[in-house]
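Shared between the two complexes below is subunit A, which pairs with subunit B and subunit C, respectively.
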Partner chain A sequence: MGRSRVGPSRWEEPVAFGVAALALVVLVLPPFAAIAIELVETGLARALAPLASPGTWALFVRSAGLAVAVTLLATLIGVSLAFLLRRTDLVGRPAALLVHLFPLALPPFLLALGWFHAFGRRGALGSERGSAILFSDAGAAAVLALAFAPAITALTALALDGIDASIEEAALVVAGPWRVVFEILLPVAAPSIGFGALVVFSLAFSELGVPIFLRVSTYPAAVFARLGSMAYSPGEAFALALPLLGLGLALVAIERLVLGRRPPAVLGLQRARPAFALGRWRTPTSVLAWAFVLAATTPLVALFFRAVQARGWTTWIGASVGTSLLTASAAATLITALGIVLGHGLARRRYGSRALDALGVLAFVAPATAFGVGIIATWNHAATEAVYRSAAILVVATAGRYAVLGLRPVALAVHQSPPQLEEAAAVFGAGFFTRLARIVIPVHARAIAGTWLLAFVFCLRDLDLGVLFYPPGRETLPIRIFTLEANGPEPVVAALALVQVGITAAAVALGLALLRRRRSG
Partner chain B sequence: MLRPCLRRIAALALGVLAACGSRQEEVVAYTSVDQVFSEPVFRAFERETGTPVRAVFDTEETKSTGVLNRLLAEATHPQADLFWSGDPVRPFLLIRRGLIEPYASPSARDIPAAFRAEDGAWTGFAARARVLLVNTERVPSEKMPGSLRDLADPQWRGQTAIANPLYGTTSIHVAALFSAWGDDAARAFLDSLRSNDVKIASSNGEVKRLVVSGEIAFGLTDTDDAHEATLTGAPVAVVYPDQQGDGTLVMPTVAVLIRGGPNAAAARKLADFLLSPEVEREMAETAAHMPLRAAVAVPPNVSRVGDVRSMPVDYARLAEITERIQPWLREWVGLE
Partner chain C sequence: MSARLALCDVHVRISSDDILAGVSLSLAAGEILALLGPSGSGKTTLVRVALGLVAPDRGSVLLDGERASGDGRILVAPEARGLAVVFQDLALWPHLTVEGNLRFGLRARGVPREESRARIAAILERVGLRALGRRHPGELSGGERQRVAIARALVLEPRAVLMDEPLANLDVTLKRELGDLFRDLLAERGTAALYVTHDPREALGLTRQWAILERGRIVQQGGIAELRARPGSAFVRALLDDLGA
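Coming up: the complex of A and B.
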């Protein structure tokens, strides 16, 4: 085992890995290099001056506290619901999962707006006290946790789906279901849960719109103040972004230390497995889970009641839906393609793969505004004008920013399958591409499709990055919602937000239906 | 079966992406005037001239870096032909950096000289004013505020709001106070707002939302936001502050051409169109913008610039002050 036939096929893997690595580096590194040059041009002493202020670090600690609270709450919600909705006999599981995932379709600010319509002083469920709670640190943490929890649910559900049924069956022979859940399923899914927590922490720490709306001061607002105000200073903004990048790298290191040495679980063939029976708890648990899932959609309901008053909203939608679908599909496909090659390399511990993973994490945790300024500096040249002036810039930018969402889930999936399958094929002369096409992709089809959907949803809802450089006249739907939000009729804004939810839900439902068909076919 | 299908989809996607980037006769306009008001104006230009306008719109002040900073970031390789600024101060940041191509539009001849540069570096039209938007259910008529200083009145403690002074027209308004009152008095006023627990909203639109929903009693915002509030049927009143004192801050929107923009001729055509009396009239009707020309008719709910006691300001100086006071303002809002 471990030997491959001498011939052209032995070069396929390093070449494919090298090309994918180069693509990721080109997508991510130049924007960082561009803003680092800005930092130097600004003058290091001047650019780094804000980091000497105790106020800056107080803000950093406060933001970190908020992000930790959001992550803990979202993890609790996401892991609980993933288990209940994927592995038990809870009533109406598939529908509940779909409803639970809805909020992930919207930029969090719109959800905050929906919560305001519901719980503001004059909201449908509003009161003085409700408004005070909403406009507080606790309110911001709750709004963000509910907005991001579906990401953990999705990643945990993918991991639970990938666990070999025979492991569970063997464990159930000697232990009760709850021990199997806590001692087998959750530990095996831990890397995915850990990655989900990393994603949520990064999203919560870099979130700008919700804290500003709820009047909670956070660190990203200090970064943004160097870019969005009259004193445009990208060098200072990048200097302030450095602690965020350092924190991102520290999180990756901690994650690797805590979870990286776990023995990989063995992935079995996909086959049906019995759901954990909730027994006499089925009805109350179902009621509670559904109540929670429906309560979390309160902002969507509030938006719906605004949207029904909308007149002539279709005239405001323009070509944004087409642009959104096209660019998000292209970016998700690119992210998944890179994820398959680089994720496979990461799972098989190929040289340089951990550095590429860290680069992907950096792009994800960097403040969108700083990364976006780097994108402009990188691509706004005569030689690259065809990209910069077209919708391709949205594909390039989102593929770089969200690349880690392809790389990590694929790596986690591949990590769960034994390398012997591929090694055996290699012994019989199968090259890298053949092994990918005949073994890796078919075995991990569900995980790869899930990865594409996750990347698609994130690219489809991207706002903070794309709004900085979207090609004139070719905005995506979230950008259009936000530019119209300035004095546009609220019912129209609400209607467009629901269109955003609708197209995301349709795409996810279509993807899930195709997957189901494939499994049964 | 699947592969040819995928190939066709990929070819179609590439074709669409390439078409998106192709060049044709067009004009690229960046604007910080709200899309809901500016887009219909661009569509009217397209109908009249047949030249398509590819536009970049701004979001509410704090949700993006704003088109101004996009213009600065793209300065080495300009993509925009024209900037229609929602205020008269930001264009001076571009003028100071040599990014503006002066153009004295023939359409602007009847615009008062105070609202345009002689060399055509900038030309103002369709103005907004800074007003107090009052929730009349929370504020009885006998207590109606009449001055900015009422924001600091202890009887309204915790019941008023302004937008974040780092961004948008609020940053200009604060600079105007520094210009008119001097640094010490302006700082003392802002500190008094802080001690009176004035809420710092994310934008003027957010101030409007807080007033309309009754979350606060009154707040400082722009006339177009106030106009939108009145259209919702909410119990609100609009007050032009300090009509007996310093006057109300009036801010024309401004058109400037970008030096080195890819479509210079089409940009001049668009500038001529924007600066016409017809656009001032349309902006008065749809967005409650105040015409600078005395001859342009206004709807009953819109004031003319000449009808309001205006705060005397030098927009170029406000641009300098706005940049200068940024560090202090960041500290004031708690971001340093």
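Coming up: the complex of A and C.
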């Protein structure tokens, strides 16, 4: 019965779904297709010449190695903290979780900047040795792992929350707590942990800001260099984007074939259950966990102390804050709107919804450089100049790249509510739009608001995509900070970084306050 | 001889509600006792208290005469009580095969590998699942999953097994078939069992010894004939009326 469409106005749902599907396809597919078209038009043999160089592939492997190291480290940190901060009686767990998760909402490049002000040669805690470690592959891996670990923490924590209490209790009746954690809870949560690891791998591979700042050569940075520096060669950029597209497709295949097969036993929030008692280890574990969580905020503290020396920094900020807020709000709204219609379709297994979901996943996990190069190839034409030369291109690009952040959470929320809620309304004569407005959106208001906030934060922190094609005078704040970093005064750059932190913190605080109000209301 | 499992004047209060208000109940070796009560009467909480998942605010839980929980504290951890459970939703571990589900508890209790293998083979044979040992729970039918759940509980050779409405939501035929299987398995092994249900027919198929729980209190306990002779409440009368003559 999954595909039955109820209600008197049978055309409404297919039309809404079709329009949303078309919008998603237009946002995501042309950039990837354009890379192939550009290469064919140039002549394949000539176009693909850069890929014949062993150096190109050595750089690709090196980037993959860095991303694997980041993923392993972030998974170790994320899974450990998710369990400690979510399922044990550790002191101050909710506050520690909030402090730990916040850096995920910031561009990792800002954190690298903060680590530089702390441990760089002229940093407060700096030394030659510290600086050498920071400006190395190991330093970049550590900075990125600390930046992305909260993604694993969040997904693992959600999965642990979602495991049915009786599954845990049935195990606790026959085995000790640690065996239950390692042999039941974590394996049941494994699909979410695996998905988190995949996301972290793709984010780490995509990352431009941190490797460029820390002078670590990576493959995406090489593509970026072909688009706007001494090595300017857009044709080569298209060729170099091809392996990135292949990597993106491989990640989608892994997500579909390996992770997608596991039972969705980790979805949803089940009834509360007692925390695992740490016993005599409670105090030392709490001290260690808090020390780690607070240590990870060192870059923000270092940025603050550097920023207080800044004079006249407001003149450097330009229109970037307004552009950031405007483009991120518009993109988040578009993502959420598409997410409501397509996420509902995915939850109700509408025809084609899984293919659309895969397209969304591809845009998210494919390295931003590949998607960005495709955006240039698609939109940088006379006919589309109005979009390409305005801030609209930032909205179009981020909405496409982060579309899956709207689709998946809404699908999850709708999946957990019985279809009878809508079927009952349909029996009373409500068409699809009425059911959407009167049933689906109100019932899932918190999930939808949370989805908007998530999309907004990701669009607000975006650097890797927008930096490839931002229109002159229309740079967002992260791009402004990134471009100023090379030549701008350090205290001013730190001050602008703090503005980004402040805006993000305000948005997250406001969003969480509204979400809590709705829950208690 | 002391009872395998005994609850003595157990009180559990959650928020301002008395979920269990002085429950006393005992289960002798080899005895099968059905615990019947309406929804919200505290049946599941009673099971969780007996398992050691919830500490009673007052009163005690005794296992073969030894105090396992008492006055707000859990003195013997759930895994050390030698009990087994079958929950209403069965709670089979989705990432483990049928054999993996059975092996988990045996490994945790330190049963040697060879013995573990033999016990798993024997119980799977007995419940008719010998050929399905390598399957995951998601690949089984509803009835097969029920068999796995009871096999998982009994393979541990527990002191007593607690079953919390394991046959709820099944059709009448399957309910009868599995009820008979449960009864035979428990009788063969002489395993004591507390069988929680709200369905008098299901309870009668398993045992004629009943305890009735209403609003957190045992209002009556005894054989069916005794309950028929002097029904202790309107609910007991309704249950018996439901059974007919």
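The rule we apply is simple: the second predicted complex is superposed on the first by the 347 of 521 C-alpha atoms of A that agree within 3 Å, B and C clash if a C-alpha of one lies under 4 Å from a C-alpha of the other, contacts with A are read in each partner's own complex, and residues count from 1 in each chain.
What we mean here is this: a residue touches a chain if its C-beta (ideal position, glycine included) is under 8 Å from a C-beta of that chain, and two chains touch if they have at least 3 such contacts.
Note that this is a predicted model, so its numbers are computed, not measured.
**Student:** Please indicate which partner A:F213 is in contact with in the superposed arrangement: first for subunit B, second for subunit C, both, or neither.
**Tutor:** It touches subunit B, and subunit C stays clear.
**Student:** Touching A:F482, do we find subunit B (first), subunit C (second), both, or neither?
**Tutor:** first
**Student:** Between subunit B and subunit C, whom does A:A142 touch in the aligned arrangement: first, second, both, or neither?
**Tutor:** neither
**Student:** Of the partners subunit B and subunit C, which touch A:R389 in the superposed model: first, second, both, neither?
**Tutor:** After superposition on chain A, A:R389 lies in contact with subunit B alone.
**Student:** Between subunit B (first) and subunit C (second), which, if any, makes contact with A:I503: first, second, both or neither?
**Tutor:** A:I503 contacts neither subunit B nor subunit C.
**Student:** Go through the superposed model and pick first if A:A358 touches only subunit B, second if only subunit C, both, or neither.
**Tutor:** neither
**Student:** Compare subunit B and subunit C by how many residues of subunit A each one touches, and report the one with more.
**Tutor:** Subunit A has more residues touched by B than by the other partner.
**Student:** Look at A:I184 in the shared chain and tell me whether it touches subunit B only, subunit C only, both, or neither; answer first, second, both or neither.
**Tutor:** It touches subunit C, and subunit B stays clear.
**Student:** Of the two partner chains, subunit B (first) and subunit C (second), which one does A:V321 touch, if any: first, second, both, or neither?
**Tutor:** So A:V321 meets neither subunit B nor subunit C here.
**Student:** List the residues on subunit C that touch subunit A in their complex, please.
**Tutor:** So the residues of subunit C in touch with subunit A come to 48, 51-53, 77-79, 81, 83-85, 87-89, 91, 93-96, 104-105, 108-109, 136, 138, 156.
**Student:** Touching residues of subunit A toward subunit B in the complex: what are they?
**Tutor:** My answer: residues 50, 53, 55-56, 59, 109, 116, 120-123, 131, 208-209, 212-213, 215, 217, 221-222, 224-225, 227-232, 234, 326, 329-330, 369, 372-373, 376-377, 380-382, 385-392, 395, 467-475, 479, 482-490.
**Student:** Could you list, by residue number, the parts of subunit A that touch subunit C in their complex?
**Tutor:** For subunit A paired with subunit C, touching residues are 164, 166-167, 169-176, 179, 183-184, 187-188, 190, 262-263, 265, 274.
**Student:** Can you check the complex and tell me which residues of subunit B touch subunit A?
**Tutor:** Of all residues in subunit B, those touching subunit A are 13, 16-18, 20-21, 28-30, 34-37, 52-66, 68-70, 72-74, 76-77, 79-80, 90, 93, 164, 166-167, 171, 199-203, 205-206, 209, 213-215, 224-225, 228, 232, 287, 319, 322-323, 326-327, 329-331, 333-336.
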